[in-house]
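What follows is one structure encoded as structure tokens, with my remarks underneath.
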Amino acid sequence: MPPAHPFDDDKLKEECGVFGVIGLADAANFVALGLHALQHRGQEAGGIVSYDPVTGFQSARRFGYVRDNFTKASLMETLPGSLAIGHVRYSTAGSKGQTAIRDVQPFFGEFAMGGAAIAHNGNITNAEALRRELIQHGSIFQSSSDSECIIHLMARSFQKTIPERMKDALRRVEGAFSVVAMTRTKLIGVRDPLGVRPLVLGRIGDGWVLSSETCALDIIGAEFVREIEPGEMVLISPEKGVESFHPFEHRSSRFCIFEHVYFSRPDSILGGRSVYETRRQIGIELAREAPVEADLVCPVPDSGTPAAIGFSHESGIPYGMGIIRNQYMGRTFIEPTEQIRNMGVRLKLNVNRALIAGKRIILVDDSVVRGTTSRKIREMILDAGAAEVHFRIASPPTAWPCFYGVDTPQRDKLLASHMSEDEMRDYLGVDSLKFISLDGLYRAVGEVEGRNDRCPQYCDACFSGEYPVAPSDMIQKGFQTKAAQ
Amino acid sequence: MPPAHPFDDDKLKEECGVFGVIGLADAANFVALGLHALQHRGQEAGGIVSYDPVTGFQSARRFGYVRDNFTKASLMETLPGSLAIGHVRYSTAGSKGQTAIRDVQPFFGEFAMGGAAIAHNGNITNAEALRRELIQHGSIFQSSSDSECIIHLMARSFQKTIPERMKDALRRVEGAFSVVAMTRTKLIGVRDPLGVRPLVLGRIGDGWVLSSETCALDIIGAEFVREIEPGEMVLISPEKGVESFHPFEHRSSRFCIFEHVYFSRPDSILGGRSVYETRRQIGIELAREAPVEADLVCPVPDSGTPAAIGFSHESGIPYGMGIIRNQYMGRTFIEPTEQIRNMGVRLKLNVNRALIAGKRIILVDDSVVRGTTSRKIREMILDAGAAEVHFRIASPPTAWPCFYGVDTPQRDKLLASHMSEDEMRDYLGVDSLKFISLDGLYRAVGEVEGRNDRCPQYCDACFSGEYPVAPSDMIQKGFQTKAAQ
Amino acid sequence: MPPAHPFDDDKLKEECGVFGVIGLADAANFVALGLHALQHRGQEAGGIVSYDPVTGFQSARRFGYVRDNFTKASLMETLPGSLAIGHVRYSTAGSKGQTAIRDVQPFFGEFAMGGAAIAHNGNITNAEALRRELIQHGSIFQSSSDSECIIHLMARSFQKTIPERMKDALRRVEGAFSVVAMTRTKLIGVRDPLGVRPLVLGRIGDGWVLSSETCALDIIGAEFVREIEPGEMVLISPEKGVESFHPFEHRSSRFCIFEHVYFSRPDSILGGRSVYETRRQIGIELAREAPVEADLVCPVPDSGTPAAIGFSHESGIPYGMGIIRNQYMGRTFIEPTEQIRNMGVRLKLNVNRALIAGKRIILVDDSVVRGTTSRKIREMILDAGAAEVHFRIASPPTAWPCFYGVDTPQRDKLLASHMSEDEMRDYLGVDSLKFISLDGLYRAVGEVEGRNDRCPQYCDACFSGEYPVAPSDMIQKGFQTKAAQ
Amino acid sequence: MPPAHPFDDDKLKEECGVFGVIGLADAANFVALGLHALQHRGQEAGGIVSYDPVTGFQSARRFGYVRDNFTKASLMETLPGSLAIGHVRYSTAGSKGQTAIRDVQPFFGEFAMGGAAIAHNGNITNAEALRRELIQHGSIFQSSSDSECIIHLMARSFQKTIPERMKDALRRVEGAFSVVAMTRTKLIGVRDPLGVRPLVLGRIGDGWVLSSETCALDIIGAEFVREIEPGEMVLISPEKGVESFHPFEHRSSRFCIFEHVYFSRPDSILGGRSVYETRRQIGIELAREAPVEADLVCPVPDSGTPAAIGFSHESGIPYGMGIIRNQYMGRTFIEPTEQIRNMGVRLKLNVNRALIAGKRIILVDDSVVRGTTSRKIREMILDAGAAEVHFRIASPPTAWPCFYGVDTPQRDKLLASHMSEDEMRDYLGVDSLKFISLDGLYRAVGEVEGRNDRCPQYCDACFSGEYPVAPSDMIQKGFQTKAAQ
């Protein structure tokens, strides 16, 4: 019985966060804290693998929040050692609604030269082809996850060491991958040649840390050292420190621009820029691109808040909390009543009537995906007596699905795939609706000239339809890229 | 094994929320939604009692959040009927750390003329004396809750109807009580003569609703009718509608001013005033009373946010999110590791380094209780490189415990009970520390002349030490009121 | 959702077992072991109350087997002290299928002079009248159990000590009661004037034990001292040892004869007689009263085994295990599949085909209640190829319900209430069916002259319809005793 | 935290039972019932895999009894289809005390031509060598089970069909295997060439059944067709019925003689003989071989019962239940108190004092393994006042470990490995101790001439040390067979 999502969150969802530690006693405890700080990257399940010379590799995987599982002494005692990695996940395209605990990472494999565990953030776009090939040759898959391919490719490599086998394996893989892995003696980090997903290196005392985001370094008091570079593999051991390799053919990097817009936490630093500041800057750009006369700028909490602050600052229109979020809301319900199923966004948000009534409201949200939530919010705002409702969206229209580790609806479910901005405005029933332009977004992330259309600085496929890696499994299933249309 | 609170939340805690519905099919479902909206008033446990002619009174009590228990179809099916009441609780002074499920309300009693259930927000200040007396006469108590007295007093009344018995019982009771109760045919609401805790009446279709706050009317789409008056009892039935009685001797009302400062949700309306707007106004008053030169106004999330917005607005200093809250944080941990126990506030809050570094920061918080959290936040802010830290507190110094349904530390644990403002500033290690004055607070809630010291308009005992009802149980145990000192 | 009983066990069911210990460190652990040994007297739920000067009274109640709950260190640590009592229960007439944890004993009451807990085996035949009266005077009941009356009667007594209050209370009570109770300093045992249910005293080191049966003394290594006498109350403390009182008017004792036939464990000793030996003797009497030519004597396991051994011994017909019992069978199922619901006795018993085929079988069972199981067993035996099936029953026909603490079907569901022996034989479809006579049963328990009809030595109401205490609540509801018919 | 075994059961333990059904709607329900009837072959965990064209392969694995898991409608609904197999397990040598759910069978593999699931009873004696080889070639193992080799060998076979791949795989495997497997369309059964473990074929309506024992055919009402022959593979489909193959080189069969003595249920039929009758016959042989003057023959319940009946019959000494078993005893405890850990066999058995006192007792038990339980029973019997205690054992001295799917202690823990019969008698402290002779045992199973020492009819390695298949993994680890000594 799959848990129910009573309100359509109507967001693109990052699918994973990864974290690893070497050189600290009780490393798994640090991994648990790191995963807690990365919980926004995946709330469905989490897992930790640790290694200790006495007990060998130990592993625990659990559904639910990190804080509800990996804080218990009785569980953490089963994960001893000074080397550990972990993973939080949302869900993968393949297994929606039927995720089994065996789909929860890290994945572990026992090879002739010892064991290895890997945790993967991203998505392998040729996973199905690889899986077919591997099964043909006698590999037995245990999960429905695309990431399991990596460990089977490693098992079949003829290389003598695990890092060399990992290079072999990752060279066969297409798509986006920020991988944190471990052997009995080494912590390993790898980013795909485009560097689509983030991965950073930190230092704490004698120990080293790999993390999806810097906010998870902060929680354990680790110092931010640098980002792992696109196409880089690092091997980390207490003895040799950080060894760096570049096993892939060089390509221009294409970091996911949506990490700036929504996925990453505002207190993280991406590419040297504060995520919070970038989002505030988006609000400023938006106020310049799409000004409107109004009485109050309100964020759709909490993701719209920094852009709303920027919009208010730039426009001079006061900022206020027109929508209040219930702090005690989780994501899913087990076996919910009919009424809960129908409540939708009201379980989570309430309008601050006294503030809204009679006013012209600018609502700042991070994105419009299917538009379902936006419609409900507009309705709540008007019920509360707002005079006008103007939507300002801190990203361009989301018109294309992501195949690099983000949970997106099918293309035809994306409002912007088949509606113009004006059609969307009418569909949402608001007085005005404006999205930031792609150039405006690029300016907000620091590209003062805007987007370099010949050689885009970021992956913006969800807005532009320009996929930097062809999604080959999907194409085989009939997906038409923009070029093919 | 009591669950652990790894970080000292360091707030006064409202102890209860109450909600009741009559005249709607599946009333318990509405109660569940109402309690979800009141979850901020009590997170430890919740309970619902419903009545249906076929099944009689049915009851369910659970530890944990409403959303994790009272959303399940299999549980809600056991609570049929068009009449139901519910309760969320934090914990009572008596049973801290050892709360049993039998302490969870509503309490139920079977009387000669039928059953009744009651849910109580507040605290009975002569509960221990009453309990001793009742036991002397043969009553058997099932819980350690002060509220259970009410049902035993009702059981012993010679009155012929349950409402009359409730009047008898509540006339014996001292302290603060907003009660929602039910018989087989009626929903009952009562507020103590001072009206310390809130209680409001709502209407939805043919049904009636009683709730601690208006925000819980919103979630079910009920219309706000009016507040139950201090000293009023209402009997509500589908046939007769709302009947009003005033069974107690009249006194001037003394509503809890801290409901405006912190307890109530910002989207609720108290005494005709928006709580959000009052808090913003507090920020404005604070900026006037205690201005300071600085670069950024930051709220301590989330309770300091409206006052910070007001402070920024009045002072002209930009508003920014200098501290980021982890959305996936709950309140307690079961059997936590040593490390979790020591993490404290870092599990919940992270500093937005890039925004803070090098700046003079004004931190706006709602209150200072023991000061433990404030010290940790100051430390985090300075670690992140702030140039100066100025605390501005949206309430006067909390120097006295509350005995009217709020969980407060013992007097000597309250920082303001034994330190002056300057001593507190030095203790917290900040560049400046200012609290709003009591008069400023009264102005912010609309009393333009400030506090009427001869006849205060609110209960402000936690600031002033002037208790409108003598806490007789506590006095017997040796507590010294200000007057007695 | 009540758990399902997939096969109709078709037995009378003892409703409770009680056990208490004083003067041994960690008394609750001994109580847990004693209750495990008494599990046959009640499988639905169990509870333990302990007292320690530091922690006061502590209590735990759980559904399910003792061994699944009261063996865990984490639970048992919450029950410290050298004084503890416990209870296992099947279910009471009132609450079948909807038992709540609050119906699980021991019951606890806080009186003016301190707390007391009681555990009761038996049934109070005027409980409903008492309950009405108590509610009229302001008592609030928490359970649907008849036993709760006792604690409320105690609460209302004017006596100065708990034992005196207990005497007051039990003098108001009609029916059967073997009570084990405790105050902060004393272990208390009481048996009703007729001594319907068993209660024995044991000694272990410096400690004392009260138990429903001697088999529970064996498990903790306690020595059997004597039975508590009908109408006796004992107060036990380490200082004064065992003090004996006789607070009730004297009556001739009427011990339940069915305890010998079925309820008690074969390794217990009742009234100085081995239960096993009595049952074997019943088999011998039965072989004399109702001989039949056959090839094999088979018990219906496990309760028919001793009588079958006796029958084989007396008749000279070989004894064999014609029916095999599945060792892994429990009593109830939660949310069972349709198929499980329909499996009935096959989940528990299987016929030993190879042994049965072609043979004339004597099946020895302890009783016939509704006859449902007997029919299924006959069917299984014939399917397996038996040539003849002869039932021999180790008790007289069960024609009347028990109101003294045994779960019996309503009178019209009892096969013997409306069928003669011949009619039952035809209904069950067996070649012959014979019950032991009432006199034969009395001889087997040692009354060489058989039953004294003028003044029966035992309570045999379930066979004779002669109720030694009028079941007043049931009579008020319309039950007709034999005399009344 | 592994569950604790508070009493040393001191028995050899069968490690698995297997069951499969094809051609019946809701096949998984039948498998659940079959596994319940086979629960004596493995109590630690169970698993079921089913196949339905709509949902594909579905699987559920659970720790604990079948009746506590696979009876729930909500679980069984997830296992649709007319083809299912299942497995109950005790534990394997490799993973004792740390069994993970991933070690629970059936194992499943997705091959190029579709999926297959297998359940294995027995033990693969070259599993470690095979595992090393498979890992060398890139297979990734998910469990610590020897049985997982089979599915990886199948994955690597070049054969085009699953049955052909299974033949390939099983030809590589040494040791004992009774396998039940399934593809999308076929139920498959295989027995190793020696036929060490049992496997039978049954028929019910249009469906076919494979089961470890006939008792599990009875519970679902299936008719016993025949045993699968040693070295036989059957493919079963509704269309073609049962197809038989003999893929292995022919060898003389060596069925495990201990299945007759202890492992199998007494109501099963092995090799055309009633297990109950064989055990009774063992008692008769034992009475002839080792007579003794005494007053009472008592079984050690429940496994000694049939032999005790036979002994009593042959000797003329009365049979009686001198030891009573607690019906509510399970095998393991989670987190037990110290006291529970120390209770040992008293939690399970109690002496029937009144029957034993003053008598000369013959105790009939099925085997002596480490002797720990036998010593405790002797002590309990003497404490109860027995005049003499004579042990008669229904099997020869167990002097060698089993490597064919039975959980045995290491050789030096077996009492008979280093003590003569007289030394064991003195060690156990009994008046006499006699084991049945190996020839006597062979006569009891129908070999009137006794054991054919040149070509033994059964595997009796645990008694004789003559291993029909060399335990190659163990030999590599240093185990010395009799021949090697």
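Worth pointing out:
As written, the chain order gives the labels A, B, C and D, with residue 1 at the start of each chain.
Note that in this section a contact is a pair of C-beta atoms (placed from the backbone, for glycine too) under 8 Å apart; a residue touches a chain by one contact, two chains touch by 3 or more.
Being a predicted model, the structure only gives us computed values, none of them experimental.
Annotation of chain A and chain D: not jointly contacted by any chain, touch as defined at the top. Touching chain A and chain B at once is no chain at all. Annotation: 62 Å between the Cα-based centres of chain B and chain D.
Chain B and chain C, compared by their mean Cα positions, are separated by 51 Å.
Rounded to whole angstrom units, the spacing between the C-alpha centres of chain C and chain D is 37.
Shared interface positions of chain C, defined as residues touching 2 or more other chains, are 74.
Of all possible chain pairs, those that touch are A-B, A-D, B-C, C-D. Within the complex formed with chain C, the chain B residues making contact are 1, 74, 102, 109-112, 132, 135-142, 151-152, 155-157.
Listing the residues of chain A that touch chain B in their complex gives 26, 29, 32-33, 36-37, 39-40, 43, 65-68, 71-74, 76, 215, 218-219, 265-267, 269, 273-274, 276-277, 280, 302, 305-306, 309, 313, 318-321, 324, 326-330, 333-340, 343, 346-347, 350-355.
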